[in-house]
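Here is the structure we will look at.
Read from first to last, the chains carry the letters A, B, C, D and E; within each, the first residue is number 1.
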Amino acid sequence: MSHSAYGIPITWFLTLGAMLFCIGLFGMMVRRSAIGMLLSVELMLNAANINFIAFGSYLKLPTIAGQIFAIFVITLAAAEAAVGLAIVINIYRLEQHVDVDKMTAMKL
Amino acid sequence: MIEHAWLIPLLPVIAFGLVLLFGRKAPGNGAYVAIAAICASLAMSLAVAFQWFLGGASAAHNGLYSVTIQWMPVGSQMIDMGFSIDALSVVMLLVVTIVASLVQIYSIGYMHGDPRYPRYFAYHSLFAAAMLTLVIANNVVLMFMSWELVGLTSYLLIGFWFERPSAMRAAKKAFLVTRVGDVGFLAGIILIYLKTGSLNLFGDAGVFENLTRLDVIGPWGLPLTAIAGLLLFCGAVGKSAQFPLHVWLPDAMEGPTPVSALIHAATMVAAGVYLVARMYPVYLADSSGMALQVVAYVGAFTALFAATIGIAQNDIKRVLAYSTVSQLGYMIMSLGVFGYVAGMFHLFTHAFFKANLFLGSGSVIHGTGTQDIREMGGLKKKMPWTYWTFLISTLSLCGIPFVTAGGWSKEEILAVAWHTNRVVFVVGVLGAFTTAFYMFRLVYKTFYGEPRKHDIHAHESPRVMLVPLVILAFLAIFAGYVGTPWANVFERNLVPVLGHHYEQVLENKLAGMHHGFNLTVFLFATGSALLGIFMATIIWLKPVLRIEKLEPSFGWLAKLVENKYYIDEIYQATIIRGLMAAAWLAFAFDKWVIDYAIVNGVGYLTRLASDLWGWFDRTFVDGLVNIIGWITKTTGSALRYLQTGVAQHYIFLLVSALVVISLAVIAGHIREEAWIPIAGFYR
Amino acid sequence: MHIGDIKLIFPAIYMSAAAIVVLILGVIAARRPGKGLDHWLPSHYLAPVLVFSGLFFSAAALIQSFAGMGLSIEVPIGSEMTRAPAVALFVTSGGHAQLTVDPFAAIFTFIAFAGTLIVMLISLDHFGERQPHKAEYYSILMFATAAVSFAASATDLIAIYLSIEFLSLTSYVLAAFAKTDRRSGEAGLKYFLYGAACSAIGLYGMSILFGVTGGSTALTAVARGLEDARATGAAWVGVVFTLVGFGFKLALVPFHFWAPDTYEGAPTPVAAFLSVVSKAAGLAVMTRFLTIVAAPDEPVSLSWYWILVVLTAVSMFYGNLVAIPQRNIKRMLAYSSIAQVGYLMIGVLTAMHSFGGPGRLLSGFFGVPSAAVRSDVANLDLVTWDMQGVLIYTLAYLFMNLGAFAVVSVVGKKNPLNPPLANAEAYKGSEIENYSGLMRRSPFYATSLTVFLISLAGVPPTAGFVGKLFIFGGAIRMGTSYPELIVLAIIGVINSVISAYYYLNVVRLMFFAPAEGKSEISASIPANTAIAICLVTTLALIVVVKPVASLMSSAIYSVVPGVIR
Amino acid sequence: MILFGFEITGYQIAFLALAGVTLGSALMVVLMPNILRAALFLGLTLFGTAGLYVLMNAPFLAAVQVMIYVGAITTMIILAIFLSSRVMSVGFSQAIYNPVLAFGAAGVMFLFLFVTIANSIWVKRIAAEGPTNSNVGVHAVAAALLQPYVFPFELASLVLLAVLVGAIVIAKEDQPGEP
Amino acid sequence: MDPNCWILPLITFVPLVGALIVMFIPKSNYSAIKATSIGISLIPLALSVWVWFAYDRSGPQFPHGIQFGVDAPWIPSLGVSFAMGADGLSVPLIFLTALLTTLSLVYSLVINERPKEYFWMFLLLETGMMGVFVSLDFVLFFVFWEVSLVPMYFLIGIWGGPKREYAAIKFFLYTMVGSMAMLLAILAMYFNGGRTFNMIELAKAGLFVGPEYATVGALVFWGLFLGFAIKVPMFPFHTWLPDAHVEAPTAGSVILAGVLLKMGTYGFMRVLMPMLPEQFERYWWIIAVLSVVAIIYGAFVAMAQWDFKKLIAYSSVNHMGYVTLGCAVAGSGAMASQSSKILALNGAQMQVFSHGLLTGALFLLVGVIYERAHTRMLTDFGGLGARIPVYAGMLSFCSLGSLGLPGMTGFIAELSVLTGTYNASPLLTGLALIGVVVTAAFMLWTIQRVLLGPLNPRWEKMPDADTREVSSVAPLMALTLLFGVMPMLILTIFNGASQAIVGLMH
């Protein structure tokens, strides 16, 4: 273990990110409602963002790209949520529910 | 004339085309066209013969006149093809054209009113053309081609009344059985071509010049010449109806009788003999002598075997058919014992008297409407012309010396056999006896006695049928004088055909043979024939011997005797009972073992095999393909269940796949890097 | 970066601007539908016209990019020297470009524009003039096209992520655009959820890549970083996760699950767009990423490379096998397009080898000429096969697949049994059995569809054959060093046969089966034009393959904007 | 500070606390049957993450996170939940779907990622002791966004425009007869 | 460039233009469609006759040169060119293709179901087939190869018998498997042969020589082999053939048997032998054994058939066995003498031509009787010889020709092949001779079942062959006889090609 004042190796953050990512994945698989799945996606995006920021901070070379990337990710997450929720609302209007596992009209 | 000899076969071909296309509109429904063509061929053949033998053309061309054209290129080589004239082919030309023209004339009367009358003459012309091509071909392949064409036309003619199932079966049988032999012939040709490098028989680069290249030891320690000879002989066995392949000929009697006269007496069946004679240098070049021995024994066996069968036959044409087989055996046997000239001579004479016999039987059939001799009898008075010509030819066949053609030729055969192979000689004598025996049985039953069936209103045939009979009867007497022991024109002309080298070989083989009249042989030959006639006479004409005498010693035969059927047929004669038993046995063997068991059995097995193969094809070859298709389809159907329609499942599958992929990546990574677990965590 | 260089991405900018124009005018026009502006300048006419002119701009850009606008390098093709230009735009610190405009990007832009034009023509027929929210529909379609164009030239992870997301988000909207149709909504939702998951995974991969390569987002820098980080397992995890994001766009197995449902549910023109234009973006990004970043130096030792090989093979088999039992033609085409991606991936994998290996093809900086042109360029003429294969096959695929979808759209729309977009049963018109006897009803459509399907199966003399010729040819050429490519080519061949089975099943129904109903199918002029264009190009590509191939062959030199070694 | 024999820093305690909040609430997000509560827990997760950003010397990002994520996205989601669900009705609860397999997959994935992360050789470029880029402020971000990253920036605005239009079209309830 | 370079493209593309013209004739104007199609098909026929006579028999042969050659750049960057040319291999096949197409069209005058599509597809088919025989560039070759596949698929599928769909798809998939394997092999040859698709240059290049190329050479060889063998079709790739033949319309069967199968053997002679002599020499015995199996097997299976058309179809397997046997022997390297190999190859080519004529005629004749009786079961017939003599004559003639009766082309072919084979392997000759006998047996049996015996009263009123039928069969019969009696007329053409090919094979 590092004996510096800070004392947090990057692996801690990365592991946290990985946990968050896997929780998001788990949510994608278990959530029945479309909105629940959307929430899980946000968790995964956050995991990526944690990585970006962690790397951006820990890298020896000064770089701003990590934070920039994270900003764009946040922006696009908003856009994604907008589109997703719009579709969900439309579906709700048509089906009166948003349970994705019940939507199996098409298969073969 | 010789240089235009190619016209001889061509004219009938043209007639064939004309008659086939315009038969009904042509004069005489096409018959006259065909007859005109064959008569023209006859005239030309006669002219060629005259020029060759008497006009000195033979000498002018050193015994061979040959014309070739380019036929087939093989690489830088060129295979030629053409015709050649020598004594052998001239003799054959004469035989074929004479018999063919007479038979065609005869057919005008016999086939009168047949619905397919023009087609009959068309086929006849084609047959003649094929046969004529065969005899003047100078190239083995051309020989084979015409050989097969002969087979084809005989198929057409035998099956001419194809509405009759028996006729159609007989035609097919004839074609197939001969084709079995032809395969051997073909193999022989291939062997000869590959070893001698030529398909042409004559000339500097021809087969006969290069036969020494064949004289090497091949499989089973036999020289290739022997093998080639035997393979060629296979063809002859088929066409000339020799022992194992003779079964087609009696059945072929289903064809119109003139056809039998032409094909099964004079021409097609003689082709096998001609083939062996034509290829005689191959046999002579065989240093082991194996090939000719086989030829001799096959011929001898056939001669006797068929003759014994002839005794038991009641169908007039079948008797003649077995007789033909027997006589062909004679010729083959003769060739096998170096009786090159004798065999050809017998072919020559036999053509006329056997054609006459067939035509005569045709006349009988025409007059009585039946072929069963048990229903005939006493025709002598009603059909005198037929009777006398028939009798002359019968005598000729029996080999009555001095006055008949057959006498000269048979005696010559026996003379050669006496010199070279006594076993064969004995068989020949027995055959002569049997021949005389069954032929006179035939004559007696047909023409003598009282008519056994009274509703037959026999009448003499029209003149157009009688004229050929008379001409042939004339030839049956006088054709033999070209080959008397004292002045053997035949031998003088035929032996040089072999070429100097093989002429010498043949002479060496026959060295010490008494040329000229051989009294011993004469006595044997004449004696056996007369004995045969005598036996026939005491059994059937003046029934001295009676079948009842068999009873005490042979109970099983007694049962036959009790049966009315046999009592009428078999006259009492203890002397013939052995012969009868042998005949029945032979017939049974022929019918049940050879014909039924072998031919039908092979046919059955073939069908079975082909059915099995068809099943195999459907089940396995095709099935394999279908199985692949099935697997493909099933896999597709099974895989589609991955697509459940549930998005969560999709994500699950995605994650699972990603896990697998990632693990694979790491697995690959571990392999190449030293992997220390959790190494970096505390770093 | 010189500000004037902006003109190089003019087609994409134009497309975005045109989208905004269509949107604004459309919104204004929508106030008085059928009258006024909507009468004089309806967006369903305005949009295709704008795209059509955009096509000219993209063609001009294409030609210009080949002409070498200032910056170019010379490379030998056989005995000839060819200019291979590349321009870097929006350079970040460290000298890496956000965008690289090169013929490769120009070609994909052109393909995207052409594809969109055809999709619009189909849409015009499919939705008709009374389509609700048509301005928004066409505008979003154009935004998506612009996104494809951006993606094709993006050489930075941020730019790639943004443009791909741009495309994805607009695609989700398009897929769900038939608001009254449950299937459309379902298609959009599933597409969205699956896409969101995949893009999140891809993003996570990018974040790891970002870290292991030392904080770089530009592809060239990432590539350089990877050289050092080679030993790091995480580096390859990053690559693989990133590839998931691209694989999703391509519908490569196992990232394909969205495709069948979405194709079936989405309106047919949208499905056509997704299957071709959107896929082209994925392909462009994938190709760039693989050839620049992930080109294996020693491919045999890299497991992710093997994974791609396996996925390529599995894609072909899976797509073709599952297509066999399908009963809906759109769904069948979805599976078929999964398989088609497999063929394309063979080309991409082959191309990777051309650029990988010791000493990359070009060692320059952003395409700036460098003295150090790869020394072992003796085999350079062979490189033509590889990238040409991808490009030509994409071009062929564009026309044959769009053509097939066009016919499907026309047939599905006009089937009197099923008025379009009305209810859940609306898509009965896309059941394969509905194609029974089409030859008797509408010979033109039946014949055209036959040509497209046969082309998809790769039978000469169609475009599909030309594409396969190049793809398999490249694979076999490389196969002497990399036998797995030969195996892939053989698998591709086997799959061509399997695919022929289900394509021919449709042909069989159209030609051999009795007609179901007698009504002749009719379509508006735009749709017929679209089909005719596809038909002609599908059949004529083999004739004009010479100029097309030479055009494509020059594109390859610029795919790699240079890696400093 | 020594705790249980280990020397720990304040940063570490902060990290552990924030990580606990983040992960705990994240688990709630995916496990909470009630979708509304799940959404609220998402907000908590995002707050925790923002705290981590601060811990990593990225205060600007933390601010962005709070503003956009918590302020906009979560609110939007909650709004959507109200629009798309009958909150008070019985069927509102979310049962967990095939959890075992999913847990297995996600668990293996985590193990894999953990092992990979733990084993990777970061030292070359990554500072071991802590964040080094401590001076990334608003100015730096703004400068980067407007100069080298102006293209993504513009592109993002285009994306937002297109998405907004699309979202509105999809979400809006069409009146009958409206084009 | 050859002064006559225009002729081959013209022959190839005139039918295509014709197909386009026919497409624009109104659907309902049957007579115009038929007249136009037949008229157009006469043009390539006339041109092919011209080619036949203009062809210089002692002129340059395939790898050493070509006649009527045309070579224009097409995709120069890939070495693909528009190369066409003719030599002894192709000239007779060009003629055969043109002839059979015209005769088939004449025979098809009765087609009144969707005639427009039928006739333009037929013309398109002719383009494809012609193209295969004249192409000297692999890409071009492959394109035409596949182009001929598609119209045939439709001909079987639309105008075929009851199981037509199955047969059509089986035909298509089977052939496609082969052609795809071929495509891979072609590409491999391209990369090993100096980056060209030009067949002449590839044949000269000496591909895959040496032990280091053993594996790739073998792969390429078997790939090409598969493509050609399926087309031939050789045992055990033949099962598509009976289905396709039985279900195809009469004219389709004629073209299928008469021309399409020949594309496979043409591939053997044009591609496999000149370009991969080393591999061919190594594997010749496999081909030879398969051929002999096909000869015997085909004959036996044919014998087991009760469907007339299927019987003829299986006889094709038997007959094509001789072709492949001849090819195998000609490529047997040191096993046989030079002249034997030439002889075998001459025979193989002769059999190609002969089978095209005879089997084409036989399929036409089967079609004739099927149109009258609406059955093809041999058990249903019998005794027709008396009722319809013209038909009977034609059927007998063709059957006899098919069983290899001397005086017709089949005999020359079989004799040459068997003679050539004897040198390489007497055993194979011997086995093949079994096939000869069995062939004769089933052909005769067929004649017997159809024509001979008592007349089945069902067919009391059956009309004899009419002018259309006779005129479509008679030319084939005439040519069979002509070349059978005077093989010189055609063998000199084959001989040059054989010499050139065998000359390449050590």
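The working rule: contacts are C-beta pairs under 8 Å (C-beta built on N, C-alpha and C of every residue); 3 or more make two chains touch, one makes a residue touch a chain.
Remember, predicted model here, so these are calculated numbers, not experimental data.
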Both-way neighbours, i.e. chains that touch subunit B and touch subunit A: C, D
Chains touching both subunit A and subunit E: B, C
Most centrally placed chain, judged by C-alpha centres: E
Remotest chain, subunit C as reference, centres from CA atoms: B
Pair with more cross-chain C-beta pairs in contact, given C-D and A-C: A-C
Most distant chain from subunit D by Cα centroid: B
Averaged-CA centre spacing for the pair subunit D and subunit B, given as whole angstrom: 102
Cα-centroid distance, subunit B relative to subunit C, in whole angstrom: 77
Centroid distance [mean C-alpha coordinates] between subunit E and subunit C, Å: 43
Subunit A and subunit D: spacing of chain centres that average the CA atoms, whole Å: 6
Subunit D residues counted as touching two or more neighbouring chains: 97-98, 101-102, 105-106, 109, 113, 116-122, 125-126, 128, 149, 152, 156, 159, 163, 166-167, 169-170
Residue list for subunit A, restricted to those that touch at least two other chains: 1, 9, 11, 14, 21, 24-25, 28-32, 37-38, 49, 54-56, 59, 61, 63, 65, 68, 72, 76, 79, 83, 86-88, 90-91, 100-101, 103, 105-108
All touching chain pairs, where touch follows the definition stated at the start: A-B, A-C, A-D, B-C, B-D, B-E, C-D, C-E
Subunit D partner contacts - residues on subunit B that touch it in the complex: 648, 652, 655-656, 658-659, 662-663, 666, 675-681, 683
Complex contacts: residues of subunit C adjacent to subunit B: 189-190, 193-194, 197-198, 201, 231, 233, 236-237, 240-241, 244, 254-255, 257-258, 260-261, 301-304, 306-307, 318, 320-326, 498, 501
Contacting residues of subunit B [partner subunit E, same complex]: 20, 70-77, 115-116, 119, 141, 144-149, 152, 155, 159, 162-163, 165, 168-169, 171-172, 175-176, 179-180, 183, 186-187, 189-191, 193-194, 606-607, 609-611, 613-614, 617, 621-622, 625
Touching residues on subunit C, where the partner in the complex is subunit A: 92, 157-158, 161-162, 165, 169, 172-173, 176, 179-180, 182-183, 185-190, 192-193, 196-197, 200-201, 203-204, 206-208, 210-211, 214-217, 260-261, 264-265, 325-328, 331, 424
Contact set on subunit B toward subunit A in their complex: 640, 643-648, 651-652, 655, 680-683
